[in-house]
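Per-chain residue numbering starts at 1, and chain names A, B and C are given in the order in which the chains are listed.
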Amino acid sequence: MALNAKTPEGPLKDKWQNYLDKTNIVNPANRKKIDIIVVGGGLSGGGAAASLAELGYNVKTFFFQDSARRSHSVAAQGGVNAAKNYKNDGDSIYRMFYDTIKGGDYRSRESNVYRMAECSVDLIDHMTAQGVPFGREYSGYLSNRSFGGVLVSRTFYARGQTGQQLLLATYQAMMKQVKQGTLTQYSRHEILDIVVVEGKARGVIVRDLVTGKIERHSAHAVVLGTGGFGKIFYLSTLAMNSNGSATWRAHKKGAYFANPSWTQIHPTALPQAGEHQSKLTLMSESLRNDGRIWVPKKKDDNREPGDIPTEDRDYYLERRYPAFGNLVPRDVASRAAKERMDAGHGVGPLKNAVYLDFKTAIAKLGVDTIKERYGNLFTMYRKITNIDAYKEPMKISPAAHFSMGGLWVDYELQTTIPGLYAVGEANFADHGANRLGANSLLQASVDGNFILPNTISNYLSNEIRTGKISTDTPEFDEAEKAVKDQVEKLLSIKGTMPVDQIHRRLGKVMFKEVAMSRNEKGMLWAIEEIKKLRKEFWENAAIPGDDKGPNSELEKAGRLADYLEIAELMAVDALSRKESCGAHFREEYQTEDGEAVRDDKNYMYSAAWEWMQGKDWKLHKEELEFNDIEVKTRSYK
Amino acid sequence: MKLTLKIWRQDNAKAKGKLVTYKLSDLSADMSFLEMLDMLNEELAIKGERTVEFDHDCREGICGQCSLVVNGQAHGPEQHYTTCQTHLRSFSDGDTLTIEPFRANSFPVIRDLKVDRTSMDHIIQAGGYISSFTGIAPEANTVPIHHDISESAFDSAACIGCGACVATCKNSSAALFLSAKVAHLAKLPQGKVERAERVVFMVNAHDDEGFGSCTNTGACAMVCPQEVQLIDITRMNYEYNRSLTTVEG
Amino acid sequence: MAFKKGLFKTSVGRKNLMAITGLFIIFFLVIHLIGNLILIIPDTFFPIEFWGGVESAHDMYNAYSHFLVHFWPITLVAWVLYAAIAVHVIDALLITLNNNKAKGEKYQVTDNSTSSWISRNMGILGSIIGIFIVIHMAQFWLKYKVLGTEPDLYQLVVATFKQEWVVILYEIGIIALGFHLVHGIESAHRSLGVYSKNAMHVIKYIALCFALVMTVLYAIIPIIIYFK
């Protein structure tokens, strides 16, 4: 199938309006005849569920948490971008579009990015109206901070808990619709398959995580807002239960998976402290506004940070990138940290960290200002490490964070399966090869609240005569049987290797070879390792208990089974792209001083992979055209 | 370090539960409390025994999913921490820890340490929102909000809905949770329009869900991971009484 | 408005009722204390010319009790007081029953370090006070009614407090009351929604001081009479 992005006609700045003007919509009276399944209760899924329910559709929402308020959008700290130009610093929708395209290293779709920037303006209004207590100036007007990769201040924030506040607003909007009866919640339910009937997504197979029952649910359209799959690295900033299963099962049912290898490695997470570690806590990028990153100039310098004089410190970001300094984009900052650590300048007991120092800022602004800006982050840091960051520098380290890749979607956010939509991090659309800070909350929110409700109607307008979708069809039978067979198969392994241990080993392989810095030899090795782990998993995983009730080990095993397949596709994708762009850094393609070398002639495309029934993947290219922006070498120097 | 764990095991809401003792060695003080449970579960899985079910997700103290009571203290010994933020350095080598689920009639046990907190969703459903809908919002800077009011609203809005307040309350009251939402929205101009209905509907829902009545012992605010303050309960009472005495909203 | 479930039926409403009745009882306690402080006025203070040359505490106290009984608004207030006490008790029982129902299975290990003993045991303190009130009423109110038209109440009080067990009983009751007040006053203001951090801070200390003063003054009456 050839990829058709369905980008609307007209100049870039008119495309979205042109689309809205001409798209088909559904009569309010007909909306209640239409069922929509939304998977995921975070900012994108939850926003979509609430907005669609407000429009009057029958919406069912599924999520594995006990409440939608716990979706991992909750953990986003720093902020959400919007081109409001409240600071009078020259910001505009175009500039935001420009920054995002450039930040993504010219590997994203122009029309989508422009639309995201356009909708950002409404989003702040929307969230304020919903009661989000954004940070404010003493005048009472909204305040902004700046984030990596841009030269303006366009980030709106609610202390260091912006994601939480946006999510709670979305969750509350969902609860409002639950009360009104247009939204039905299925908490503690996990999607195990997408059901495709006559080429269209018509339902899902889910497992009730409390009773263990496998259930069928049908709808006229299915929306996936299931987030990213960065947990594939085991150690990541993601929640323990975040997973790629829903998107992967959709992929196996025919949805193309785009740019799977583009994973953002966040530069400011807490370093791993030991083997047992399960999670790398993120420290917001906003800390880089006032914190300075450095390592000792001498290798293996074991002095306390306070004892190292300024002349023995290497502020390597300021040295290498004088224009942006500590505020270079995430991929650049992570890679620079890795380079220093690999060269033997890492700090901390495992030599796996760099310093993030607030001494200069505290001296200049005073402790109180720093406390108001980042108080909760410093508290969080102390809770986890027992170190007071007001007195000594934080130790930070890169960690897997965000999946730029995801299900391929067109301008309408529809995947290659008609009727199946992907929103937020689950799709691939807006961030190219690297996401800018505070664009993630933005993308998730606008996808769910503003874009999807307007594009899905185009598809649903043809469904008003379809009537209720029956779950009593061979397609549902088959999908349910496949799911049940897999559960049974997992439980019958009865091996001796705990699921988490296999996952940890997979994570190590992936972080070593398919993360910040990649090369052909390493990835070929990784593919072999992944295959070995997959074999070991299916032969020797220890999954105790049964499927008659809650069974976390079974849940984890199902997710890991998918990760073991996604991992391979990630490596395949990274191997096929013989250039360095954004987060995808191939060691073979770099300049002498270690900067990325892009190959626009051969690789200016999004790679959408088609599942070939487990034998291999077929590559489909969506060529990217840049008409409204000059394609340049990305430089932050 | 070595620890002895007495963990509450219960098959489902109707089954009888009991404490089961496990011994763990080779623990390190840097481990988080939940990583210790991970380790126990790995040992159980290798032996083919059913693992201990417990709720957890973000492991950075913000999702509110973890819900353990350690030695009678909701979320463990450190005040204003979630369970996932608790590390083993808070305990001494050789300690015995009794680990139980959050207990309240409105939090039925699902299995072992997992409890069902949908009762808290029901409270929010009753009115814990601003009924604006997507697309309707005016330009965000139309209404300036005093910096301190916004910050104060944030203090209340920070609630992560974990339910530790209920678990620690001798009356199993969800007053702190409920009042945090009432206070958050009542403080902001956007939320003032519906303040009267909101508080009454939410208090009614709170009671219908079977939570107890607040007797102002203050234990909830002492354990709250986000340090939501007791004054929010006072705000809720104020809003409630205000709603009964005003003629219009 | 249709959505209102009723003033005192919800968890918040019930606490309002506790607060209102409680504060009314406190108002009575103050008046009651002032009246009974007559009992311990030393003889050197008499005669007091200002009140028409009352000759002794004995006379003054009996005149005071005579006034209480025969001034009809006082009788009315007294009945309101009985009602307030009854409502306070019944409401407390209802709240406690409901709260017990809300509690799930008991914790195997409990830790009470996060709240004060007083705040957790208002029920026990209240029960002690309740028992005390019954005995107190039986000793004076009932006897006053039984003994006929104009009994010598002063004599009765002095005679009663010359018994050791009565003094001990009263001290227990009064101390329980003091503790009850410490939490009760703060809690009542919270229940009524005094939404001010500063005010609540002040109220907390006022409650403490008030409870202390009330306890000491009430407590010394039986003791002074006993040793007189």
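Operating definition for what follows: a residue touches a chain if its C-beta (ideal position, glycine included) is under 8 Å from a C-beta of that chain, and two chains touch if they have at least 3 such contacts.
Since this is a predicted model, take the numbers as computed values, not measurements.
Among the chain pairings, A-B comes first (most C-beta pairs in contact).
The most central chain, judged by the distance from its Cα centroid to the centroid of all protein Cα atoms shown, is B.
Taking the mean of the C-alpha atoms as each chain's centre, chain A and chain B sit 27 Å apart. One inter-chain figure worth recording: chain B and chain C are separated by 37 Å, centre to centre, where each centre is the mean of the chain's CA atoms.
Here the CA centre of chain A is 63 Å from the CA centre of chain C.
Listed in rising order, the residues of chain B touching chain A in the complex are 11-12, 28, 30-32, 34-35, 38-39, 41-42, 44-51, 53, 55-65, 78, 81, 85, 87, 89, 110-111, 114, 116-118, 120-121, 124-126, 128-141, 144-147, 150-151, 153-154, 157-158, 160-161, 184-185, 188, 190-191.
The touching residues of chain C, when paired with chain B in their complex, are 1, 3-5, 7, 10-16, 95, 98-99, 101-116, 119-120, 122, 183, 186-187, 189-195, 197, 200. Interface residues of chain B facing chain C in the complex, by the touch rule stated above, are 6, 8, 17, 19, 69, 71-73, 79, 98, 100, 103-108, 168, 170-173, 175, 196-197, 200-201, 203-204, 206-207, 210-219, 222-223, 230-231, 233-244. On chain A, the positions that touch chain B within their shared complex are 47, 50-51, 54, 65-67, 69-72, 74-75, 84, 86, 122, 124-126, 128-142, 158-159, 161, 164-165, 168, 171-173, 175-176, 178-179, 185, 187, 210, 239-242, 273-274, 276-279, 281-282, 380, 383-384, 386, 449-450, 453, 494, 496-501, 542-545, 549-553.
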